[in-house]
Every structure is written in structure tokens, then in C-alpha cells.
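One chain, chain A, links the two complexes that follow: it is found with chain B in the first and with chain C in the second.
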Partner chain A sequence: MSTSLDTLIRLAAKRFGADPAQLRAEDDLFERLGIDSFQAVELISDVEDEFDVELPDYELQGIKTFAALAQKIDARR
Partner chain B sequence: MIDWTYSEGVYELTLATPPCNEIGTAMLADLRRFLDQIDRDAHTLILRSGLRQGFCAGADLRELYRGLSDAPKDQHGPQIRQFIDAIHGVMDDLDMLPLTTVGVVHGVCFGGGFELALTCDVLIAEKTARFCFPELRLGIIPGFGGIPRLRRDVGNGLIRDLLLSGRSINAKKALAAGLVSQVLASGEGITAARALAAQTAKFDKTAREAAKAFIKKLPKDELLAERELFVRLAEGPALLAALKRFVESTDLRPYLP
Partner chain C sequence: MLDLGKLSCLGEALRDATITYKSRTALIEADRHRENSRHTFAELRAAAERFAGAVQAHGFGPGDRCAIVMQNQSKWLIGATGALWAGAVLVPIDYKLTAPEQHALLAHCRPRVVLAEWPAWDKLQREDPSIFERTLVIVTEAPEGAGIGRAVRWEDLPQGAGFTYHARAREDVACIVYSSGTGGAAKGCQLTHANYLAQAETLGNLYPLSEGDRYFSILPTNHAIDFMCGFLLALMMGGAVVHQRTLRPAYLASTMKRYGITHMALVPTILKTLEKKIKEKIAELPKWQRLVLGGLMDLNEYATRQAPDHRLSKTLLAPIHEYFGGKLRLMFCGGAFVDRTSAEYFNRLGLPVAIGYGLTEAGTVLTVNDLKPFRGDSVGKAVEGTELELRDVNDAGVGEVWVRGPTVMLGYLDAPELTREAIVDGWLRTGDLGSIDAAGHLKLFGRTKNMIVTEGGKNVYPEDIEAAFGDIDDCEEFCVFAANFIWPTGKMTDEQLIVVVRPKSGLDEAGRAALIDAFRRRNLRLADYKRISAYVLWDREFPRTASQKIKRDPLARELKPLGRDGALREL
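Entry: the complex of A and B
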């Protein structure tokens, strides 16, 4: 069964045209994907849609890695 | 800048000021110019963004900071009041146009951009749309009439959450709350808006205008109170300090709430 982390990485790779095999749990997702604030907002919408969760922005402050974001997603599922 | 076209009773007004249609004096003047030339026989206005990033990221904070930091402190209040009076005039006129106004929103719809969207009669959101009032982070409240306008549409609980947390919500949540009335896939919003315009064209002008006037009122007292509170807060030290942090920030993600 695919974990939230796997799904998140697949989603981010698809949105920003990256190779999911090259993305790691502890990567800084902003640096790794090279995304700006507008694209980050798009990613949050994708994540909420895919996992059917709401992620308040203030809970995402300081979240940098795919793993940390996946944890936040799991906490809201 | 903004562009508009007019054909068979339908205006399409497109915001196209990079990076994300920040509302400053130039955008305000463009909107006023648009309003002043409107053909009263038109039946529909479609308002949208031509930029990939989103509908509108809100007020032009860099321009606001320049204006305030260049002016003597005793001029801050009058300067803010002059801008806020002009923006309220534009927003109120958009709100009360005797046309059916349709906002098509995608991506970022934050702060003043959210407030601009709220002047529309019908809001169509694409799936990527996100709505947010980040103003408390700047030591102010939304000042373009957003809270009174939002109170016409959604419950006070959600408004308090948005206002007091500054968090953003997606299109699905906005639909569930009654903030928008349709959600479409990316790029499909304009097609839906044009279909609505074609439907609107079939209606009798008098009945259409009467229906809008009946259901949509300007919350004048609240708008006035909001304006006064905004000016009072904006004159305080928190706004200038927050604007300085924003302008000087090297963070690549300044728009993340």
C-alpha cells in the first residue's frame, strides 16, 4: 500500500515535472523542486484535494521536507 | 495594467499586472477608468486574471511601503485615507454595477484580491483557487470592504477563522461555505463564465437589474466602520514595521501565509 509520503512525492513530481525517483523524504521540497510561493500554494491545494484534508497554513510554517509535510497530512486524515 | 474587451453586451476585464495583480494606484486608476466608460446597455461583466500565478495577491505592499516611508509621519493618516477612500469608491461601484458580474478565480486570491473578488455577483473558482485574509500579519484588517461583503455570503464562524488565523482555504471549502457557487477544472472557468453571460443575455434588463438590487445590498454602515478601523490601525507602527520586513525579506516565499 502506498504511504502518504509516496503519494505526496508522486503528486509533487507530477505538478512540477520532476522525476519522483529522484525525490527523497528528507529533501527540502522547496529547494528540490525549485518552486516559489505561488507554486507552493498550488501544491497545498493539490495535497488537500488528493488527501481530502485541510491544511491550515500556520501549521505548515517551518515545514521543509516531504517527510514533515507527509506527517502533517497524516495528522489531519 | 488591466485589459478589457466588449462584445455583444459582455465585458471581459482581465487583470494582467505581474507578479500577481497587486492592487496599487495604477491598478486603481485603471479600474476607475474602466468603470467610468461602462456601457449601461451591457448585461455582464466577467472579471478574471490573465496571469498563471493567480487572480490577485492583494494590495501592492511595496508601493504602500514606499509611499509611507517617503512621507512625514503626520501625512501617513491622510495618505492612507485618500487611498482607502478611492479603493472603496471603486469596490462599491463594482459591487453595485447594474450588470451581472462574474468573477473567475484561480490560484492566489489573497487579501485585497479576495476583497475584489467579493464584489462580484457570482464567483466561479477553478480547482487551484485559494482564498485568504492575511492582513493581521501586517498589523491591519482587510480594508477594501472584504469582511462586510463576505458577511453577506457566509457564516460568521468561517469569517472569524479566516480573519483571526489568516489561513487560506481551497476552492472545495469555499464552495461548501457558499463563498463561491461553482468549481471547475483548471482553465475551464472562463468557459463557464461565458456560458453564464450567454444565459444572462436572454433576460429582460429591468427584471435582471431589479433582481440584483433586491438580493444584493451594499452594507454601508459596516463598510464605513471598517474603513475607520483600517485607517486607525494603519496609522500605527505595526504596519510600517511589517511592510519593512516584507520588502526587505529575501524569503522566496513571501506570499505564504
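Entry: the complex of A and C
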């Protein structure tokens, strides 16, 4: 089974047309994907559907890296 | 008619409402498709009295400060109501600021009580705790087992702790609202009960809400617009306030539909998002339906050109109105410059957008469009009791807007010098440039101040951002500006922040490129609305004061001859 992190990176790469092999756990996802907070919300919606979890808006404040986001997903699974 | 002239304070107005409308719904809190809670006015009263009693048990007295650091939700309004009944001065803090920024504002106003949501308190308690020594911290939504430190949980507030209602006088301070100061000097606007009551009465009579109306509170409640419309006004007039815990666009329309939202306030970015959604929906229709809809929009526009007619528009344009639940009557839009095409588009749909203009320093709105008829090209006429004056008017009739009236603040907290600069002989200088036409409508053309207002309604002061770029290698000095401050465009759109960078002398081309790269990386660490979009490389020494502060005006004058397009490179 792939980890949340792998799945997250796959979803992000798919949505924003990036190469998943180029994305690392500690990358700043805004910087790396060149996205703003509105686009990040779209990614979060994908994540929620994929993992069947709910991530409250307040938990996502200040999240910058793929690893940190994956941790939030794991905490809710 | 709403008559608040005989009331002494906000607490009294809210108490009257909880008695008058007791069995009606006051608060609804939704979370996605679930409903978290619902309060009637009588239940709001009981919950607010419990909060008031609990803080009073800790020695909270009239004139003490109660800060609120929460996202929009029912407990925000319950806590604020209870605090007002205990005689509090409210200090709404922007939930989206970072913990150090929030901490700095709390250190400035030293509240006796802090009401905070868990994620905010979790971070705040890791900052210097000494400012909380005498403070009662009440935390909401803390998970079981969370290390809440010195705070007490909302759920654990005592029931039935004796409560005494404390009225305040009209001239007492009701709120301290920070309009900036996260990096530079803190500007805590002190607004009195009289300020708010005057504003509520004017707005309530222009756009009456009534029992059964539902106000959707989506702008942050710490922001002047939502504080007035989505708290005070809605409740005073017997309307219900609906909160949705997630503001993802997917849930906006479904919440509006489910609860029959009648009123809401927006900032321009959200208006644009809604416009996009409707256009996508229309684009999905077969061509003939789109043509019919276009015709109906024209007809609606013609039929409602004198004043809005909700019932008619709803009949003509049923599918569009249904998307928003079919009850929406009015949207207020302000907080930032509103693009007239968006406002005109919604008006064509029979969903009028009342465009307003205001400053935290002067309550909620100074001018607003009364929709008789709708105009998208102005920010409306001065509201009753407010006087506008243009000063230093140029040949084109454009001058700096000064205002006087019952909503102008008392002054900034503990900052007499800043207050003296802002308010002169009772007139508040807005720093905005405008003209007033024969019908009394104000149009805005830019700013005299070195600041920008984002489409989301955030004031951004260049001085506040500079801290993010300290200690960059090979940088001799730098300075952040609003581009319009150096090169005025006469418009309020396309505002951008720029940085002027002076590299260390003798740095080669590669080094200069690396320096800009360093700025680029730091820039991405900033919240997106604070980011800088362009830079100027500048090799001349910056003019400075005796105390080594950069003299911004002379530096701006030196940069001006370069021309905006000639000087700026994309960061």
C-alpha cells in the first residue's frame, strides 16, 4: 500500500501537471507547484475525496510542505 | 424604522433584541452538510449570560478588554454578546494573522479575557506567556487531551455563575479594531458605542432586514463589515446569522440554498468567484437557452432600472436565483475596490450588489450605493450624517477625501501622534483620492498613502512586509513600496507591491542575480496577499533620516523618473 505522502504527491502532480518524481516530502508545495491558496483548496478537496476524510480549514492553516499535509491526513484516517 | 438614538450602548441593543425576538432563530452554525448548532434569541441570551457570568467570576469589570481570536462561528457572537453585557471593550483579532502577529497585538492591548479557538491558542501559548499572566483565556474546540496550558475550556465555563448586566455610555469605547500594525506601529482604532449605534441605524434604515431574514456571515467577523452586518445589525433587526465552518466554494452555494440566505456581504474576490461559477453554469446550457437567458437579463435590467424588484427578477431568472437558494435579495460589497463589471453583471441578474466604501477608522461605511438606481461606477453617496470633503483638488476635480461624522473613531489606542495625523479638527483624512459628481456620488482614483488594499479587503502596509527580507547576503539596503505610491495610475485596480534593492557595491552580474533570487525565495514564504510582484535594482544610496530611517518620499521621487514600465522587473 502506498503511503499518504505518495498518494498526496500523485494527486498534486495530477492536478497541477507536475512531474511526481520531482516533488519531495519537504518541498514547499505552494512554491514547488506555483499555486495560490485558492488552488490549494482544490487540492485539499481531491485529498478528501481520495482518503474519505475531512480536513477542517483551521487545521490547514500554516501548512507548507507535503510532509506536513500528509501528517494531517494520517491523523484523520 | 430602526431607532437607536435612545439606546446607550450595544449591549442594550442586543438585550432588547434577545427579548423582542426570543423564540426566533438567531444563530445557525453549519459544517459542510451538517448542522453544528442552532440558537433562538432566548438561547443566545442564556448562553451569553453564562459567558458573562463566567468572566465576571474572574474579576472582569466594565471597561476591561476582551479579545476574540476565532474564525466565524456561533461562539464568536455568543462570547461577544456576553462580553458586551459585562461591560467589555471588544478587541476582535484577525484569525489569519500569524501567532507572533496576534501576540504583538494582544501585548499592545493587554486584554483581561481572551476567547480563542484551539488552533490559535495552541500557537499563541508558545509565544511569550508573560502577557497572559493576568488573563483569563477561554479556548473553544480543544480536542480531548490537548495541552491547553493556563486556558479553560468553553465547555467547562460554570453554569449559573451570578451575572450582572453593565450598561455603558454612548461615548465609551466599544471596540478596539486593529487596522494595521503587525510590523510597524500598531493602529488600534477605538470605536465608541455611539459610532456603532449611528452606523447601525443608518444602514438598518437603508437596507432593512426583518424577522425571518437570514444573513450569511462569510467575511471574517473581526472585519468591520461583518462585525456590523453579520453580528450587530442582523441580530438587532431580528434576523438570523448563518455560519459555515468551511468556506470552500463548493459549500457556499449549498449553504445558501439550504438556509434560504437573504443577505450577505462580500469582498471583490468572492464576488468574482461567484460570477465565474454562474458563468460556468450558463455555459453548460444549450445555445437557445443561453439566448433566452440573455434576453431575460436585458428585460430584467430594463424593468428594474429605477430600483431592484426581487420578486420580478426571481421570476424572470429563476434558474440563476435557484442556484443561490432563491431568497437572496442583496449583497453588500466593500472592503476593497469593486470591479464595476462584476457588480453590473450581478445587477443584470437581479442580484443587486450595494457597493460601499469605508475605513476601519470610521466604522463600516462612509458611502454606499442606495440602488436607486444601481450604479457600478461609484462607491455611492455619503450615508446620512457623514460629510465628505475633497482637499488639494487638482484640475480634474480629484482630491484627497476627508470625512467627518458620527462614525469617526475616537482615535488610535495609545498613539496620540498617529491620531493627530489621522484626525485634524474633527476631520478624518482617508488617504484616498476621489471626486464627487453632481449627484453626490464618490468615485475613487487611487491613494496618497504608501499602502495597498487587496481584492480580498486586506490592508497591506509595505513597512509591515520588510521584516521578511532582513539579513539577505549581499544586500546593502532595500525598501518596499506600493507601486501606485511612486507612479500613480489614477485607478484603484492592479495594485502591486514592489521592492527596491541596492546590492553591495562591486557585486558582479551573477551575484546580483543570486541576490534577486534570494528575495524571490523569501517572498514565497509570505502569505500570498502580501507578496511582492516586482523589483527595481538601484545603485544609489537611499536617503535616510538622522536616526537612519529610510526617507520614503524622497526615495520615491528619485525613482519616479524611471517610469513604472522602465523600472520594474518581475520578481
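We take it that the second predicted complex is superposed on the first by the 77 of 77 C-alpha atoms of A that agree within 3 Å, B and C clash if a C-alpha of one lies under 4 Å from a C-alpha of the other, contacts with A are read in each partner's own complex, and residues count from 1 in each chain.
In this section, contacts are C-beta pairs under 8 Å (C-beta built on N, C-alpha and C of every residue); 3 or more make two chains touch, one makes a residue touch a chain.
Nothing here was measured: the structure is a model prediction, and the numbers come from that model.
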Between chain B (first) and chain C (second), which does A:D36 come into contact with in this model arrangement: first, second, both, or neither?
both
Quick one: is A:D49 in contact with chain B, with chain C, with both, or with neither? Answer first, second, both or neither.
first
With the two structures laid over each other on chain A, which partner does A:Y58 touch: chain B (first), chain C (second), both, or neither?
both
In the overlaid three-chain picture, which partner chain does A:D28 touch, first (chain B) or second (chain C), both, or neither?
second
Taking the superposition as given, does A:D74 touch the first partner, chain B, the second, chain C, both, or neither?
neither
Taking the two structures together, which residues of chain A meet both chain B and chain C?
30, 36-38, 41, 44-45, 54, 56-58, 61
Could you please specify the touching residues of chain C with respect to chain A in the complex?
32, 71, 96, 98, 117, 119, 123, 245-250, 273, 521, 524-525, 528
Complex contact set, residues of chain A against chain B
30, 36-38, 40-42, 44-45, 48-49, 54, 56-58, 60-61
Once bound in the complex, which stretches of chain B touch chain A?
19-20, 53-54, 107-108, 127-130, 132, 165-173, 252-257
Write out the stretch or stretches of chain A touching chain C in their complex.
28, 30-31, 36-38, 41, 44-45, 54, 56-59, 61-62
